[in-house]
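Letters A, B, C, D, E and F mark the chains as written, and numbering starts fresh at 1 in each.
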Amino acid sequence: MSDLINDFRVYREKMNKKILASDNKVMKRIYNIDTNTYMDGALSSKTKEMLGLVASMVLRCDDCVKYHLEQCYELKVSTPEMMEIFAVANIVGGTIVIPHTRRALEYWEDLEKS
Amino acid sequence: MSDLINDFRVYREKMNKKILASDNKVMKRIYNIDTNTYMDGALSSKTKEMLGLVASMVLRCDDCVKYHLEQCYELKVSTPEMMEIFAVANIVGGTIVIPHTRRALEYWEDLEKS
Amino acid sequence: MSDLINDFRVYREKMNKKILASDNKVMKRIYNIDTNTYMDGALSSKTKEMLGLVASMVLRCDDCVKYHLEQCYELKVSTPEMMEIFAVANIVGGTIVIPHTRRALEYWEDLEKS
Amino acid sequence: MSDLINDFRVYREKMNKKILASDNKVMKRIYNIDTNTYMDGALSSKTKEMLGLVASMVLRCDDCVKYHLEQCYELKVSTPEMMEIFAVANIVGGTIVIPHTRRALEYWEDLEKS
Amino acid sequence: MSDLINDFRVYREKMNKKILASDNKVMKRIYNIDTNTYMDGALSSKTKEMLGLVASMVLRCDDCVKYHLEQCYELKVSTPEMMEIFAVANIVGGTIVIPHTRRALEYWEDLEKS
Amino acid sequence: MSDLINDFRVYREKMNKKILASDNKVMKRIYNIDTNTYMDGALSSKTKEMLGLVASMVLRCDDCVKYHLEQCYELKVSTPEMMEIFAVANIVGGTIVIPHTRRALEYWEDLEKS
């Protein structure tokens, strides 16, 4: 596993635990719904993760992008499919999405190597 | 066809024509790529329109939402599928997406009645 | 009650009902948490509504602003306090917040007259 | 003068007066600096208004766009120049800027007719 | 003091000095109003810093968040109060605020240890 | 050349190559138009790069800012002119632009030293 992947996962897990340990009900419930949102339903989990990814890209949240890239990877999104998600994000969100696309592609390649 | 749908389409078409008539090459090419982005490829046109819709919702662009709702309607996205797209947009983008969801659902219902 | 207030309330209530009637669990739970977020806790409901208002202003969501203005009005936020919330929103979010401040002040004055 | 122009100006002036009458010092000073920002300096007033316009477009604030369109019109920005400002806004900000470009062009044409 | 806190403070102070030394009047006045905005008035300084914090969180500006966390810490905001500010930011701004909440909590814990 | 400049350029070039090598037509064409947008036309290349810079600043994309700073530097934008671009970005976009201004000024100074 690359350092990029490992660092993201370790920090994310450590801080998520602290947020949940703080015992704020609203935060707990947001985490809870978040998990539920991407489960199979009328749309497949794979489609929903792609939706979550494109939303994260246009809102330019690198850590959210990494998380959804991981889910997409687990759910067998192919690289040509991934490039088309990137394309939608870049046309809708403009060239300010390009730097996030560079980082997303780097992370995606690390996932493929892992 | 409802006034809501008709007004959107008429104004959009009229002004798009004027933008293209202005003979600015960059604007023309952006319009051109925009059309290409959503064509069948590694991902189906239907999936891409759903991606375009969720991106437009989290960026809170009502007119973009209307356009992608029309495309999704043409491509047979079902109402339960649509509600799940709305759900992803609302969880990722937060409660500021709710007013746009109200308007999106109104437009969606008008499309269904038309 | 002014038309501005009435139109906002009627449309908001009508469409919220439709969203909840659609039976999408994620949407229902987001609405549910949303209500809970602003209840008295470590911070008073009044403080939280002011936080919700300033967040809505910098994110430039007019309908969200209207909703929080109503809650602030119910919870006895004074006009000088309101102007200071507007000031924080405008300094943090910049002059793009000014047009939303114009509409917010108009709504606030309508609430005071009602 | 078109209704579009007139309505914008009347409402803007009326509400700006109310904001300034509220006697909030921070708001007053923001208005004050705002005026100063666009005065001739190292860059000409015309260039700065173009900068203000493109910033307003990518942030998708229609009323801010209208205001800077008026200033650009006064300062003799030509229509081909305006189309190139629109092009920069659309490439940087993406297709979500298109609906705002439609409204901007409509306003620009009204200014030219006035 | 943690490295996280120290690095933020040192860089912020160094670059703020350079911005002010550049002798641009608009920048100087923005800095000036910024300080004034959060002073005691109709609302307490503590409330205003909480407003500044939630605005910075939903706009997802980590450095702005750090600055307001420091001010909130000085003004005796408690950890349960802080968690409720985080909750408002996350419900209004959505799950894209979560990564910023992770970093905010880390910084808050460092402030408490310092 | 400073590490800051070198690291940005190396990573940007490496990842841009990978994005273009992926053979996604939409991404290729976006890159293509992007280059065309800033060429001399009704407005000079220098003015357009300033427009691209201010748009990147208010959208708070540090890597986009770095790129346009480089172009502005090549095109002989002076430091007082640059400070006025920063001023427009900060008044329109608010104090959340300040941390990006700190980083922009640091990069600008590195360009001047190089």
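Quick note on the criterion: contacts are C-beta pairs under 8 Å (C-beta built on N, C-alpha and C of every residue); 3 or more make two chains touch, one makes a residue touch a chain.
Bear in mind that the values here come from a model prediction, so they are computed numbers and not experimental data.
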**Prompt:** Looking at the contacts, which chains touch chain B and chain F alike?
**Reply:** A, C, D, E
**Asked** Which neighbours do chain D and chain F have in common?
**Response** A, B, C, E
**Chain at maximum distance from chain B, centres defined as averaged CA atoms** = E
**Asked** Farthest chain from chain C, comparing Cα centres?
**Response** F
**Request:** With chain centres taken as the means of their Cα atoms, state the distance from chain A to chain E in Å.
**Result:** 26
**Asked** What is the distance in Å between the mean C-alpha positions of chain B and chain E?
**Response** 36
**Complete:** Chain-centre distance (mean CA atoms) for chain D and chain E, in whole Å, is 30
**Message:** Two-or-more-chain contact residues of chain C, please, as numbers and ranges.
**Reply:** 26, 30, 33-34, 37, 56, 58-59, 64, 80, 83-84, 87, 90-93, 95-96
**Asked** If each chain is a node and each touching pair an edge, is that a line, ring, star, complete or other?
**Response** complete
**Message:** Using the touch definition from the top, list the residues of chain B that touch chain A in their complex.
**Reply:** 33-34, 37-38, 41-43, 47-48, 50-52, 54-59, 64, 78, 80-81, 83-85, 87-89, 91-93
**Request:** Using the touch rule from the top, collect the residues of chain A that touch chain E in their complex.
**Result:** 11-12, 15-16, 18-19, 22-24, 26-27, 30, 34, 56, 59, 61-64
**Message:** Quick check on the complex: what are the chain B residues that touch chain F?
**Reply:** 25-26, 29-30, 33, 36-37
**Partner chain E, residues of chain F touching it in the complex** = 60, 79-80, 83-84, 86-87, 90-91, 95-96, 98-99, 101-103, 105-106, 109
**Request:** Give every residue of chain A touching chain D within the complex, in rising order.
**Result:** 58, 90-97
